[in-house]
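There are two complexes below, and they share subunit A, which is joined by subunit B in the first and by subunit C in the second.
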Partner chain A sequence: MKAKNLLYPKYLTYPAILVFGVFFILPVAAAFILSFYDWNIDRLLTPKFIGFENFKYIFGDEYFILSARNTLVYAIITSFMKILLGLALAVVLNMQLRGRNILRTIFYLPAALSYIVVGLVFSSIFRMDGMFNNMLAGIGLAGLQTDWLGNGTTALYCACVAEIWKWSGFTMAIFIAGLQSISSDYYESARIDGASSLQQFIKITLPLLKPAISVNVTIAIIGGLKVFDSVFVMTGGGPGFASQVLNTYVYKAFGEGTLGRSSAMGIMLFIAIFIISSISNNLTRRGVE
Partner chain B sequence: MNSSKLKTALAITIAAFMTVSTAACGQSGTSDNKGTQSQSTNAPIKTDDSKKALTIAYLTSTTKFKDVEKDMAEQLKADENITVEFQIVPDDQYVTLVKSKLASGEVPDVLDYNFPTQNSSDLGASKNMEDLSNEPWVSRLNNAKLVKDPDDGKIYALPRESSSFFGACYYNKKVLKSVGIEDPQPKTYKDFLDILETIKTKGNGVVPFYASNKDSWTTQIFMTLGVPIALSPNDQAVWDKLLANEMKWSDIPEFKEILNDYHDLYKKGYVNKDNLSATYDMAKEAVATGKAAMMLNGEWAATDIMSKWPDAELGAFIIPFKDKLMIGTGAYVQGIFVPKNGKQVENAKKFVNLWSQPKYQNMFWEKNAGFPGFTDVDGGDVLPYIKALVDTYITTGQYCYQINDPMGAASGSFGDLWNYYIEMVAGSSTPDNVLQKFDKKYSDFMKQKNQPGF
Partner chain C sequence: MNQAFLRKLHKILIEIIMWVISLVVLIPLLIVLFGSLKSAPEAAHFNIIPPLEWHFENYIHVIKTGGLINAAKNSILITFFSIALIILVSVMCSFIIARRTGRYSSIIYNIFLMGMIAPMQLITTFGLLKVLNLMGTYSGVILIFSATQIPWAVFMLTSFMKTIPREMDEAAFIDGAGPIKMVFVIIMPLLKPVIATTIVILSMSVWNDLMIPLFFLNSSSKWTMPLTVYNFFGQYFSNWNYVFADLVLTALPVVILYLFFQRYVIAGMTAGAVKG
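The block that comes next holds the complex of A and B.
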C-alpha cells in the first residue's frame, strides 16, 4: 500500500479538490449562508441578516409546497419506471437475440439526446392535435382526448413520460453490465434443480443485481429530484403553477430578484436530495456486500 | 473478453461518446438560442480608416434586437470606424442580468431597456444612467413628453419609437367575411361578444378568440388593457393608492368585472380548447391560416404575421371594455441608455447620437415599419389598420396606459399574477381568488423591494 501511495502523491488530488471546492463546496456554502439573509437583486451589495425568515416564508408558500410535492411525485414515478423498464430491457437484451447489440444502442440513444429536443418531441406528441390524441381516436378512445400539457392534472405526468423514455436505456446499460457479471453456473445449477425461469429471476438474478439496482436507484432518484429541463421545456411549470417543481420554482424566485429566498429554496432541495438519496442508498445497498 | 461482450462494450462506448458529443452539441445549440450571443460586425463595406477606431459594447435582448441592426452597425463601421459589439441576452434573463451589472458596476457602454416607466423601478436611472436631456438629438424627438422621466423630467435614453403597444384584436379578414362580418368595429362590449358568437355559430369550427396561455404574457393583455380602461379617467388615482399601500387590488371592483368578462369568454366556448398549452407562435399561425378568427395582442403580432404569411389579410379593432371606445397602450418605448459607470461614457454618447441619425434610423424603419422616435426619420409603410388605430385613438387622446406602466414598480410580481389568471381560466380558481392571492404577493414583493409604505 505504501508503495502505491508513493506512486500517487497526495498533491495530484489538489487540482480536483480545487475545482470541486470552487465550483461546488463554495457555492453551496455561500448559498447556505445567504439563505439567512435578506438579499435582493436591488440591494446586491447590502444583504441583511434576517435569521430564519426566508425559511419561514417558503414553508408558508403554498406554491413552494406544491413544487416540493410535484418534485417528489416526479422522482418516485420516474425512478420506479426507469428501473422497471431498464431492468426489463436489460433482461430481454441479455438473451441470445439476433441484432441485440444494435437494439441496445437504439434503446440507449435517447440518453444521448438533449432535453430541448426530447421536450419538443414530447410536446408535439402530447399536443391537442398531436400523435397521442390521434392514436386514442384511432383506437376508439376519442372520449379520453384532452390537452395533456394544458391539463393541470396530466401536465407533470407528460414530463415524467419524457424523462422515463430518455433514461430507461441508460439504466438498461447498467443492468446489462450487472447481468453479465452473474456467472452462468448459478442458472445451470438452478435448471438442474428444476427451477423455473421466474424462480431463477427472483432467486438468482435479482439478489445478484443488487449493486446495479443500488447504483440505478441512486442515480434515478437524484436525477428525479433535480428535475428542471424536461418540465421547463414541456410545461414551463404550468398551466399556472400546476407542474412547478423545486428547480423551476427556484429559477422563478431567482428571476424575481429574491436571491436570499431562492438560496433558501436551493438549500432545502440540497438537504432533501442528501437525505433521500442517503436513505435509498442505504436501503438498496443492504446485503450487497 | 468474447466477441459478444466486445461488441457490447464497443456499442456502449460509442453511445457514451455520443452522449458527450451530443450533449456538447445540445449545449452549443442552447447557447445559440438561449445563452448570451456576441456579434461583432464584419463590415464588407470599406471602412474609413482616417477616423479613430472605436468599439462600443451594446447589451440587448433577443426580442429587442432586430437583424437590421447588424446592417446599421456595418454602415456605422464604414462611415465612422466604430465597431458595435452586440451582446444579445435571452429575454427571460435580461432584467436580472441588467440589474446585476448595474449593481456590480460591470456595465456595457450602452444598453437597451423599456423607458421611461421602468427608469426608477428597474434601473435606478437617476443614479446609474447618464442624463441625455441636453444631447443634440433631443430637439428632433417626435414625442419628447412621453420619454421624460416621470420623477425628474430628464431624458435618460435615446428612444427607438415615438409610441408602442396598440392593444387590439388582430383578425383574419377572410374568416370574418365568411361569417358575414366586414370591417367589424364594435361600439359596445356586447357588440364584441356578438361578433364572437357569430363566428362560433357560423364559423364551421373556427376558433373565435385564440388564447395562448402557455406564454402567460399574452394572457395578461386582456386585463392589463381592460382594467385601466374600466377605471378611466380615475385610473391614475387608483394606481397612486396601490403604490402608497392605501388600497388593495381586491378593493377594485372594476378589476373583478374585467376578470369575470375574461373568464366568460372561456365559459362561452369562444376560446381554443388547447389554450393552456398554446403558444404565441401558435396563435399567430392560427390567425394567419384561418384556424382562428382573432387574437388580442400588440401591433408586433400583425407585423410578425405579415412577415411570415405575407398573403394573410388582417384587420384590427379594439375591445370596447365597459363600452368605452378607448385603446389600451404602452407608456413606454425602447430606449438606449448610457450607464454612468461605463468605461467610455463620452464615446457612448457620440455613438448614441450617430445611431439616432436618419441615415441609420431609416434603415431600421425600412425593415420594421412603424412610428419612429424622430421627426426626420421615415417610418416606412405602416400597416393601414395599425395606422388607423393610431389615427383614431392615439392622436385623438382616446387612450389609456396599460397597468404595467404606472405600476412598473411592481413589475417583478406580475409573472405570478398572470399565472393566477391562468389558474382561473383553467377552472382551479376564481376572480376573487386571483385578487386575494395577488394582494398577498404584491404586498410581499413591495416589502422585498423596500418600497415606502409597505
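The block that comes next holds the complex of A and C.
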C-alpha cells in the first residue's frame, strides 16, 4: 500500500494548497486574530491589541444587529421559497410533457445570469412607476402601490424575490436529479394498492427525496447567509439601514476604514454559517439512509 | 377510451399552465431585451410592449461611451487566467487526492470541502493584497478568484478521477512516465468531459461575479463587464435604455455559453451539489 503511494507524490498537491492557503485560509486566520485588534486603514501594518473591544462594539451597534437579523430573515425566506417552488417545478417537469426540456431550460436560465442583471431588472419592476405597481393598478389594487425599494419595510423582501427568481430553477434541477433516481416500481405497486397521487407524493416521493432536500436546504441557507450581490445592487442596504445585510454592512464599514471592526463582523458571519449549516445538515440528514 | 382522453386532456392542461408560469421567468428578460432597444422615455415605462421604433444604435452608444471594449478585455483576461490557474493546480491536486491512500488526502480533501462553505474574509484579503502590492491588479483578482474556486474544481475533478481505473497509471509508470507527465499526458485527456464542464461553470461564475472586482479593483479602467453598468447610473440616471443595453451585452456571452452547453452545466452543477 505504502509503496503504491510513491506513484502519487504529495508535491503535486502543493500548488493548489499554496494558492488556496495564501489567498483564502490565511485571510480567514488573519481575520480571527485581527478582530481582537484596533486595526484601521491608516495603521495597516501596526494593529494594536484591544481584546474583545471590537466584539463589544459590534454587539452594541444596533445596525450590526439589524444586519444580522436581516441576513437571517433573507436566508430563511429565500431558502423556504426556493425549496417549495423548486420542488413543485421538479415534480411537474418530471412528467412526460412535450415541452418539458424547453421548459426546464427556461426555468434554469436565471441561474446563469449575473446578479447585476437580475438585481437591476427587479429594481425596475419594483420602482414607483414599475411593472409591479402597474399590475396592482391593473387588478384594482392601486391603493397598495408604494415605492417598494424606497420603503424600509419592503426593500429587503424585494431582494428576496430577485434571489428566489434566480435560484428556484437550480433547486428544481437538483430535485429532478433526485426524482429520477426513484424507481418507478414503488409507484406501480402503490397504484395497484389504490394510493392516490397525493398519497404517493407524501408516502413515496418525499421520503425518497430526502437526500436532495438536504442538499438543497444546505446550499440555499449557505447562499442566503452569504448574500451580498442582490442587496448591494437593488437597495445598497437602504433606505437608511433598513435592508442592510452582514456583507453589505461589512462593505460599508470597510469603506470607513475600520478594518478590525469589519473583521470582527466577518468572523461572526463565518461562525454563524458554520453553526447554521451544520444544524441544517444534521436536521435534514436525519433519517436519510 | 374516455379515461385515456381525460388523461390526455389533463396533461395538455398542465402543459399550458407550465407555459403560463414560464412567463414569470421570460417577462423580466423581455423587459431588458425590449427596453434596450427603446428610446429613453419609452424605456422608462418598464413594460413588455415591443419598441415603437427599434433603436439598435443604443448598443453602439453603450459600447462607445461605457468603455465596454475595455471591460470585455478585462473580463476575458481575468476569466481566462483564473480558469487556467484553477484547472492546472486542481487537476494535479485531485489526482493525488483520488489516488493516494492514507490520511493525507482525506485531510486535504476535507479542508477544501470546508472552503466551499466558509465565506471569504474580505477585509483581511484586502490587507493581504495591499501588503503583497497586488491590490487593484489583475493578478490579485485572478489569485482571489482562483482561491475561492479551487475547492469546487478539486471536488468536481476528484469525484470523476475516482472512476478512472488505476491500471492506467501503472501502465504509464512502467513506461517510465514521472508523476507530472502521468497527470498531464495520460490522465488529463481522459478527463476531457469533466474539465469541459468545470470550465463552463467556472467561466460563468467568474464572469458574473460582482463582489470580488468591486472590492479588489479600485480603478474603473480595470472593471469587468458586470460593473460597467454603473457608468450609466452616474451619468444618465434616467436612461434605462442604455442600462438595459449594457445588461444585455453583459449577459450575452454567459447566456450563449449556457444555451450551448446547458446539458453539461446542469449536470455539472447538480452533480457537484448532490455528491456533497
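The definition used in the following text is that the second predicted complex is superposed on the first by the 273 of 289 C-alpha atoms of A that agree within 3 Å, B and C clash if a C-alpha of one lies under 4 Å from a C-alpha of the other, contacts with A are read in each partner's own complex, and residues count from 1 in each chain.
Following the convention adopted for this analysis, a contact is a pair of C-beta atoms (placed from the backbone, for glycine too) under 8 Å apart; a residue touches a chain by one contact, two chains touch by 3 or more.
This one's a predicted model, so the numbers in the text were calculated from it and none came from an experiment.
Novice: According to the stated criteria, A:F201 is in contact with first (subunit B), second (subunit C), both, or neither; which is it?
Specialist: The answer is neither, since A:F201 touches no partner chain.
Novice: For A:S114, select first, second, both or neither according to whether it touches subunit B, subunit C, the two together, or no partner.
Specialist: After superposing on A, A:S114 lies in contact with both subunit B and subunit C.
Novice: Have a look at where A:F80 lands relative to subunit B and subunit C in the superposition and call it first, second, both or neither.
Specialist: A:F80 sits against neither subunit B nor subunit C.
Novice: Which partner does A:Y157 reach: the first (subunit B), the second (subunit C), both, or neither?
Specialist: In the superposed model, A:Y157 contacts neither subunit B nor subunit C.
Novice: Quick one: classify A:F55 as touching subunit B (first), subunit C (second), both or neither.
Specialist: Neither subunit B nor subunit C is touched by A:F55.
Novice: By the touch definition at the top of the document, which applies to A:K252: first (subunit B), second (subunit C), both, or neither?
Specialist: first
Novice: Applying the touch criterion given at the start, work out whether A:Y187 contacts subunit B, subunit C, both or neither, answering first, second, both or neither.
Specialist: neither
Novice: If you stack the two complexes on chain A, which partner ends up touching A:P15: first (subunit B), second (subunit C), both, or neither?
Specialist: second
Novice: Determine, for the superposed model, which of the two partners subunit B and subunit C contacts more residues of subunit A.
Specialist: When the residues of subunit A touched by each partner are counted, C comes out ahead.
Novice: Mind working out whether A:M95 is in touch with subunit B, subunit C, both or neither, as first, second, both or neither?
Specialist: Only subunit C is touched by A:M95; subunit B is not.
Novice: So which bits of subunit A does subunit B touch that subunit C touches too?
Specialist: 44-45, 104-105, 108-109, 111-117, 127, 129, 173, 176, 254
Novice: Where on subunit C does subunit A make contact in their complex?
Specialist: Where subunit C meets subunit A, its residues are 11, 14-15, 18-19, 22, 24-29, 31-32, 35, 44-48, 85, 88-90, 92-93, 95-97, 99-102, 104, 108, 111-112, 115, 117-128, 130-131, 143-144, 146-148, 150-151, 154, 169-170, 173, 179-180, 182-183, 204, 207-211, 214-215, 226-227, 229, 240, 243, 247, 250-251, 254-255, 257-259, 262, 265-266, 269-271, 273-274, 276.
Novice: Over in the complex, which subunit A residues touch subunit C? Could you list them?
Specialist: 1, 4-5, 7-10, 12-13, 15-17, 19-20, 22-28, 30-31, 34, 44-45, 92-93, 95-99, 103-118, 120-122, 124-125, 127, 129-131, 134, 165, 169-170, 173-174, 176-178, 211-212, 215-216, 218-219, 222, 225-226, 228-229, 232-233, 247, 250-251, 254, 259, 262-263, 266-267, 269-270, 273-274, 277
Novice: Would you mind writing out the residues of subunit A in touch with subunit B in their complex?
Specialist: Residues 38, 40-45, 57, 101-102, 104-105, 108-109, 111-117, 123, 126-129, 147-152, 173, 176, 180, 235-236, 238-242, 252, 254-258 of subunit A touch subunit B in their complex.
Novice: Which bits of subunit B are touching subunit A when the two form their complex?
Specialist: Subunit B residues touching subunit A: 4-5, 7-8, 11-12, 14-15, 18-19, 22-23, 25-27, 29-30, 92-93, 95-96, 99-100, 103-104, 213-214, 216, 273-278, 412-413, 415, 419-420, 422-423, 426, 428-429, 444-445, 448-450.
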